[in-house]
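In the two complexes below, chain A is the common chain; its partner is chain B in one and chain C in the other.
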Partner chain A sequence: MSFDVETTASETVIIHVGEALDFRNADEFKSTFQERVEEGARQFILDFSDTEVLDSTGLGSIFSLYRAVSPDDGKVAFADVSEPVQVVVQLTRTYKVFRQFPSVEAAREAFSG
Partner chain B sequence: MAEHTILVVEDDSTVRELLKYRLGKHYDVFTATNGEEALDEIEETIPDLIISDIMMPKMDGFALQSSLQTDKNTRIIPFIFLTARADEEARQQGQRKGVDDYITKPFDMETLLSRVERLLERVEMFQTELNAELGQDFSNRLLPDRVPEVDGYALDFHSEARDQGGGDLFDWTQTDEGTYFLTIGDVMGKGLRAKFYAFSFLSYVRGTLHTLLEESTSPAALMAQLNDMLLNDDVLEDTFATFLLMHWDPARHTLTYANAGHCRPILVGPNGTDIPEHSDLILGLEEDVDFSEITLELAPNTALMAYTDGLTEQHTQAGDMLGEEGIRECAREAYGRDNPVEVLLERTLARSASDQFEDDLLVVWLERMGP
Partner chain C sequence: MSALTKTYTDLDQAINEVQSLGNTWPTAQLNGTLDAETLHCTSLVLHEWIANLHQHAEFRATPKVEVELSSQEHRVYCSVVDNSEGFEIDAYFPNEDDDLEAFPERGMGLRIIKTCTDDISYTTTEDGLHCFEFIIPADHDPWLNTLF
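Moving on, here comes the complex of A and B:
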């Protein structure tokens, strides 16, 4: 399975995470964002609208993304966060790092503004 | 279980296609017509097994095999030579180079298939055994052999791992002042890699604690150091961990702790349970994070229970995860019993959809006894 990715006019990359981000596809998620980071992207929106599963390996891969862009003041935003993802975010206190938006659209507006 | 991949290297197109067709029924097969092409293919995908002809244009089978020997990622791929050169000399040359098997043309397809199957099974078995052994070895080092024995206190823990387990860790150190430092953590990831990182990390914590304790006994200060270390160490790059560092002073009945994204410990006493509201960011994510600490006074007949997310994420019969609330209930039921940890686990399983734990888990129960 590969990730559905789009790039907006303001150079923001939107990754639709899909049903699961876990030990099975975390490596693939990593290579997906690494490619974009190498191309110069620093703003990422992760769409969690359909996400049922986010395990620690999956979360770790999101942290790697954050580590990759944060030295250049990059941003990683969470959009439309589903209940299972919210639980993980609360548990690890990562809401302190990842801004959350009700929708991809809202995140995109915040990034382009 | 992913299908095994086999690379067939053969310049004769008839033999190549035949092998691809027959092996393709059981395995994921890709092909190359000589050694050079094979190396290109292997660059893309590392196969589980290689079946190669010896005599081929550009790069022959022996050259391919020795080229693979120089790289640690390809050195261990089992190799079957398939050749018309049935003479003893070539066979010996092959064996010297660590060839796993040798089949002469014309070959019987059923024989080849059964050898392939056996070889793959054998490799997998070795791998599984090795992983299990290493995993067990690491696990043993991530947990203490015994716990401190302090008058008026009971300290107990339970750890259990699924499959190879993950990076749960628990350790304690006694200071010169008769106080204790308890370290509870969960290094993200699964399997051996997580265990290895957890082990490296714990070694660092053990080493640093002694030096740091000469200056301060502040868990928050130590947490900040650990965070810096995770961010700046190349080996531990992309490692993230939730951590709980506790300074326990049995004489003063105090517990001071800092929490980096770990499950929040629960206070259990005669009046029920309480969660001292407190937790900071997980380790390894951001530089210059301030960690705070909280000091609790343990009243008689009160316990502090710390645990890892294997407990909160256990699914209940209703299909939800047990969560903090569920654990509080189980802790209340376990309170006052002779073996609270045992009862807690029993109560958790009683609520579970499964009759066993789905993930690794660690529970630490520290109780101040009554007068």
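Moving on, here comes the complex of A and C:
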């Protein structure tokens, strides 16, 4: 399963995570964002609206994205976080690092403002 | 006590099914004994453990994993029995004092399991199978504080 990706006019990359980000597709997620980072992207919105599963390896791959963009003041935001993902976010307290928005549109507006 | 027992020979299928516990094990939820967050925590722990088996366990025959779940007094009791060669569990589970690098890419799974659960045991049965058991209390407020 490949990830659905779009880039906004303000060079923000939106990755629609889909049903799962876990140990089975974390490498594909990393390839997806690495390609955009190499192209110069530094702002990412992760859309979790359809996501039933985020496991430790999936979260590790998001940390990898954060480590790739944060030295250049890049940002990673979570949008439309589903209930199973929210459990992981609360458990790991990643809300301290990744700003959450109720929708992709709200995140996009915040990034373009 | 509402119980659910399922046996899998396909670990991917096992992982896919434990991800949707709320759908496959609705009785406890409908009775109001467990909230959605507790079920999500249970799914997460089962996912992390079976993913661990999937990635690291050695199976000399077709994998066979039996998951048994029950709930009582706002607690989830769970066991996962498998026919792998097993683990040296102490070598896998982190100690409380072990430092984890900031924003780690690996090594969080067993910490998540340990944080979400109250009691963990990992034993070998008389049949030579391996049994991972844990309890998740519904009134638990687990969190990890070692990632940043």
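Keep this in mind: the second predicted complex is superposed on the first by the 113 of 113 C-alpha atoms of A that agree within 3 Å, B and C clash if a C-alpha of one lies under 4 Å from a C-alpha of the other, contacts with A are read in each partner's own complex, and residues count from 1 in each chain.
Definition applied: a residue touches a chain if its C-beta (ideal position, glycine included) is under 8 Å from a C-beta of that chain, and two chains touch if they have at least 3 such contacts.
Only a predicted model underlies this, so the values are computations on that prediction, with no experimental measurement involved.
K.L.:
First (chain B), second (chain C), both or neither: which does A:Val53 touch?
P.N.:
second
K.L.:
Could you tell me if A:Val69 is touching chain B, chain C, both of them or neither one (first, second, both, neither)?
P.N.:
neither
K.L.:
Have a look at where A:Leu91 lands relative to chain B and chain C in the superposition and call it first, second, both or neither.
P.N.:
Both partners, chain B and chain C.
K.L.:
With the two structures laid over each other on chain A, which partner does A:Ala20 touch: chain B (first), chain C (second), both, or neither?
P.N.:
The answer is second: A:Ala20 touches chain C but not chain B.
K.L.:
Would you mind checking which one, chain B or chain C, touches more residues on chain A?
P.N.:
C
K.L.:
Tell me which partner A:Val104 touches in the superposition: chain B (first), chain C (second), both or neither.
P.N.:
The answer is neither, since A:Val104 touches no partner chain.
K.L.:
Could you tell me which stretches of chain A are touched by chain B in one complex and by chain C in the other?
P.N.:
Touching chain B in the first complex and chain C in the second, residues 23, 56-57, 59-60, 63-64, 66-67, 87, 91-94, 96-97 of chain A appear in both lists.
K.L.:
Which part of chain B faces chain A closely enough to touch in the complex?
P.N.:
Answer in residue numbers: 166, 186, 188-190, 238, 240, 242, 261, 263, 279-282, 284-286, 309, 312, 321, 323.
K.L.:
Which positions of chain A touch chain B when the two form their complex?
P.N.:
Of all residues in chain A, those touching chain B are 23, 56-57, 59-60, 63-64, 66-67, 70, 87, 91-94, 96-97.
K.L.:
Spell out the residues on chain C that touch chain A in their complex, using ranges where they run on.
P.N.:
Counting only chain C, the residues touching chain A are 12, 15, 19-20, 36-37, 40-41, 43-44, 47-48, 51, 54-55, 103-106, 108-109, 111-112, 115-116, 142-145, 147-148.
K.L.:
Once bound in the complex, which stretches of chain A touch chain C?
P.N.:
So the residues of chain A in touch with chain C come to 20, 22-24, 52-53, 55-57, 59-61, 63-64, 66-67, 83-84, 87-88, 90-94, 96-97.
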